[in-house]
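Two complexes follow with chain A in common, the first pairing it with chain B and the second with chain C.
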Partner chain A sequence: MNPTNLSALTNAKPPSAALRRLTLAWFAIMFLLFPILVLLGLVMRAGQSNWLHKLSPEYFYAVMTLHGLGMVGLWFVAAMAVLSYVLKRYVSVSLWASRLAMALTVLGVGLLIACTLVGKFGAGWYFLYPLPLHPGGAWPAWSIGAFFAAIGVLGVGWLVWVLDLMRAVSRRYSLTASLGWHYLRGRTEPEVPPVVIITTVTLIAMVAALISAVIVLVLFLMEWLKPGFTNDALLMKNLTFFFGHLLVNLTLYLGVAVLYELMPAYCGRPWKTTRYVALAWNAVLLLVILAFMHHLYMDFVQLHAFQVIGQISSYLTSVPAAVVTILGLLALVYGAKVRWTLASLLLFLGVVGWVIGGIGAVIDSTIVANLRYHNTLWVPAHFHTYYLMGVVLMLMGAVFHVCQELAPMPENPGRTRLTIVLLCLGGYGFLMTFYYAGAHSVPRRYSSYPELLSKGVTAAQVSTFFIVLFLAGLVLYLWETGKRWRKAWLLP
Partner chain B sequence: MLQENLFYLFLILAGLAVAVFIYVGLSTRRPRTLEYAAVNHLRKRLFLWFTGILVLFLALTLPLMPYPNAEQRPDRVIHVDAKQFAFLISANPITPDEASGEEPVDQPTLNTGELIEFRVTSLDVTHGFGIYDADGNLLAQTQAMPGYVNRLRYRFTQPGTYSVLCMEFCGMAHQVMRGSLKVVAADTNKAKP
Partner chain C sequence: MAAALWLVVAGGMVRAQPAPVAPDLLRPPDENRYVDRAVPDVLLLRPAEPSVRLSNLWDQRPVLFTFVFTRCAGICSPLLHSLKAATAKVGGAGTDYQVVVASFDARDGPATMAAMAHDLGLEKAPGWTFAALSTEDVQRLAPTIGFWYRWDETSQQFDHPAMVVAMDHGRTARLLVGGEVSPVRLQEVMDQLHGKLVSIYPLPGKVAFRCFEYNADGRLRLHWGILLMLLPSLAAGALTVLIFQRRGRRD
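Now for the complex of A and B:
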């Protein structure tokens, strides 16, 4: 890290009116969908608490599907929107792809709502083959078609957006420069900010993930529409988790890219690309592509070499994260004159969530531990930790930062503290019920629990209290951010 | 139970991480200059220690992988066909009539101490075959996948009735998909005709 060029950190170029409006429109989608999706989570946990006797399994699993796909999709588009906004300092971001992605996202979400809440489609967010085609009478054929259409529409919109952002980066930086390879050779010119390197690494992997999703979709459609054609279940599962794991993991990295860009301004210190940063993120590109294999540990017919690669790559992915990014953030903050605001606190706390979720994930990625944890509530425990208390907090901080930058208003320190306390208490309290239940062998994705798994009922009951606390914190956040959003929206 | 011990390990590690973040967060109350050389020195040490610990854990845990060892023969083979929403468990391969429900499956009684190989497959969607003891602890599992047979080996040490639960979401009655395994002390079973 080089302490020069501090002034460059805070001189963000003002956005064009079109980019501002488009970014704010994405934020509005987030403000609307996030509380609804949290409420769907609350409905599920209340159902598992035996408090909603009218919540049939059909509706539980339809809600579960909508909640999962909704959250994964929402935070991917939120990350892309924030990233497109902050990248304006370095590259010329075009707006048409973002607009197309927004139109197709709205269409896709509409189709998802129709097929789940009306059609009761409930195959889960990663729709593991061949469940969507075997509804057992629970969902009609039209909802299968609507679901595949939704996935197709979202996949196309997001792929175009990702490719366009890559195009924008490539117009300013060569591929080797945007991957920071010259830093590996000891050169520091041209200067490439970490956000560009992380974006490049992440989007390359994201293209691979979205192409995998397209292949899964085509294979599904072939089996659905062509009688006699049957897919290979193991191949479909590998493709599904290659796509699903990468999409979730890479969304987190998009949040980290934003963190690298925004946090220095609050700390008054630079966070520049070094050989370590370049090396770490190039290593991540290789490791993250292999780590999906840990989802198939319990498929004993999978090549054992793949299982070993899955554990090794899952373990090693944590090395660049810990040694470069997390240590880098701690060094950035340690003893600095940090301007603690709602934005910087959320960004900082998002890294805490990433670390805690990462610990849970590394434990679960140990094959012998996965034998006891696979598909128990330990799984949603750790991915909710690095999602809800990780990338979501980071992006909530970034969204507040952007709104505050566009329409500055004084912060109420007491309200900021209360918001943070409610979000953390509610979030971690909710997560601990998942960890506890996972450690007591309670399976995930059960609409209700038998007597044998009574700890699952208790955990669900306790979790509802914490979800309400989190929602209260979210309302406060939305109130504060919404005021600035409205003012920014009304700017000429 | 392994999973409970790992939970405590998780709590300790997460607690340490939180303590570090709190310490660093509180350090901003007394601003000071950052020694970049010290950070890089710390980074190198952290890299070596962290990577070393991970490699150690890899070396300790990879040999414990639960996959069947071709050189070791099981004492007994049990066939498991999963279907929406039941487990068919038999000492013999499941026949088409048994799979369709036209004939009942003759479920075997298992012995403690035997190395049992469960050959698990699915007749429709992907399921999970999870063995639970009477206290609700998950002992072992494998996936039941259409078109493939997963071989799970397990040695019961205690007699009793074990539950089989579905560990992969498989549809509307996933949460009530059940099976059971009766395990008796080895001597008891041998005494029967």
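Now for the complex of A and C:
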């Protein structure tokens, strides 16, 4: 590859003070919430280990709801914050939408904490219809309202932010250019970096996801507030998983967009858009929207054709996104003098986790396999893999990169290695207990396991050890990143 | 003196109409709460035939059970006519299933139920049983199948839901709630009672948007709700074009 445009990659124009502060504020939210959410996960596994006898089932499910929604929401906003920072190289990003999103995110998180930890709202992060409306005495009516308000507030803030980012892209690139359609015709001008193409694809799909959430919310509210109004359960489940599936996968793609932009700086080589990159990511736009149907395999009333579409699109989605990205990354690092820092290691290892989790996802999206694995711990195993050890590692790497770029400090290679080892050992060890339990048919979403499922108890007990290891690695990461964050924050 | 005593007793019988408090007062029963619940084995007081336990019937074949009262000026008669028509269309009454029409009104007895059967032309219909129940049996049975009744002083009538309960070996298999029994829904119930999978059926209530409609012939048809599934993607596409078009106008 020709090492062109490295100056653009390595000597990026410094951000404005306002953008710097805003980005750092988002990072502060991430630094605060991520360890808390991991601790909530630890509480859940400790409860399943029979070590927390005071943890009632109601609180288990409330904690599960907060942990799930919290993690998904946190990494979405972290990805958007990093992306907004990175995109400043190409487009003029406005700050008001990000500030609005931040205010509404803080409000939404507050409402979520209230409805779960105080109100014991425990319908799960997917709030599957009709459970939120029929608590059977487990949570009060106000917590239902608080939950819906939280979703509404978060959805509005994030939708405005997404639309504004799209507007920023549109000010420099036409729609066809931002989707890279000219590359499909063999032209390379205007040059559009992969981060813009992936961002455009992702933002379009994200708008669809958030609108779906709005529709679900409205339908829920109509049934809650209007006696006699009844929703169709199948429609609600389709809409809910359209939203949820897209939110998680698109967060992953935002992380991948950042990877395309940052990794070249560590490899001394550019990662340019080619026809294959453009083709792959345009295909992703259609496939990721259809793949959500794999969440309804067990709903035998779903139209058979939808189940088939779900499986085919789930298989095909992995080809463009993963194969093109993986081959591109391998080509980037192969034979290059890669600067392996905490950032580049986390970015690279994030892709590894994405691949491993993706394989688990493809297996689970096969209908005959899903018949066995559905509702076992295999499901959280695979999505924790491509999320925790995939996009989360990528974004942790990106956040460190940004902090290091703003406030350069020498890295301690020993501490870097220790951080990586603890995160990987802890993370993959924790995941292996999920895979083990899932392969032994231990069901998911159980607050405690009966005698028949004693393997679930053993797996949970072992997992707590690995979560503690992961937390130790996270503390080291926060220490290293926090130092740079603080120095950057104090810049004039 | 005897007349006065009779009046007191009769008045007491009317006033002492037990009105089980509805689990969800004034709302149609939610089938989800009653399916597969055990049904108490009550004694059916039949006209011109010995009394028989409900289990004597459901041990032989499934039972379609409905509560009515003979003085009903409302839904009972349309319900029974509808049930008669539906069973005639579906066929199998007396061979595949039994129909039991029972009164919850303490003023009804075997004689009034016989009169009701005669009015409907069902007194000799195979597979149809008209019966009265004791007050205690009504109070035992009604809550387990989601049936409630409430006396209305103004109209001097009972307020109650219209429903038919499919009972299979002492358990509720399905509830058909509503004043009209559709032959399609009844056929689904028969299919289910004979072990055939009925994968989808509509529940009562105003369901505004469905993805699909299911016909008894097993075919699914798209319904308006599918537009709600397409709306997010269409809206996203439209917003994208709008945002990028505004860029074009600025240029």
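Here, the second predicted complex is superposed on the first by the 488 of 492 C-alpha atoms of A that agree within 3 Å, B and C clash if a C-alpha of one lies under 4 Å from a C-alpha of the other, contacts with A are read in each partner's own complex, and residues count from 1 in each chain.
The rule is short, and it goes like this: a contact is a pair of C-beta atoms (placed from the backbone, for glycine too) under 8 Å apart; a residue touches a chain by one contact, two chains touch by 3 or more.
In this text, all values refer to a predicted model and were calculated from it rather than measured experimentally.
After superposition onto chain A, the partners chain B and chain C occupy overlapping space and clash. Considering which of chain B and chain C touches more of chain A, the answer is B.
Of the two partner chains, neither chain B nor chain C is touched by A:Gly47. Of the two partner chains, chain B and chain C are each touched by A:Val301.
Residue contacts after overlaying the shared chain place A:Ser174 against chain C, while chain B stays out of touching range. Once chain A of one complex is fitted onto chain A of the other, the partner contacts of A:Ile363 are limited to chain B, with no touch recorded for chain C.
When both complexes are overlaid on chain A, the residue A:Val333 reaches chain B alone and has no touch with chain C. By the document's definition of touching, both partners, chain B and chain C, reach A:Asp232. Contacts of A:Tyr315 after superposition: chain B is touched, whereas chain C is not reached.
Of 94-102, 130-138 or 184-192, the chain B stretch that intrudes into chain C once chain A is superposed is 94-102 (criterion: clashing C-alpha atoms). Overlap of the chain B and chain C contact sets on chain A: residues 230, 232, 234, 300-301. For chain C in complex with chain A, the residues that touch the partner chain are 199-200, 203, 205-212, 214, 220, 225, 228-229, 231-233, 235-237, 239-241, 243-244, 246-248, 250. Remark: chain A residues 1-3, 57-58, 61, 122-124, 128-131, 134-136, 138, 230, 232-234, 237, 269, 276, 298-301, 304, 307-308, 311-312, 315-316, 318-319, 322-324, 327, 330-331, 333-338, 340, 348, 351-352, 355-356, 359-360, 363, 366-369, 371-376, 378, 435-436, 438-450, 452-455 touch chain B in the complex.
Note for the complex: chain A touches chain C at residues 163, 166-167, 170-171, 174-175, 178, 204-205, 207-209, 211-212, 215, 219, 222, 228-232, 234-235, 238-239, 242, 289, 300-301, 303.
By the touch rule above, chain B contacts chain A in their complex via residues 1-4, 6-7, 9-10, 13-14, 17-18, 20-21, 24-25, 27-28, 30-34, 36, 39, 42-43, 46-47, 50-51, 54, 57-58, 61-62, 64-68, 84, 124-126, 128, 130, 132, 136-143, 145-152, 163, 165-176, 178.
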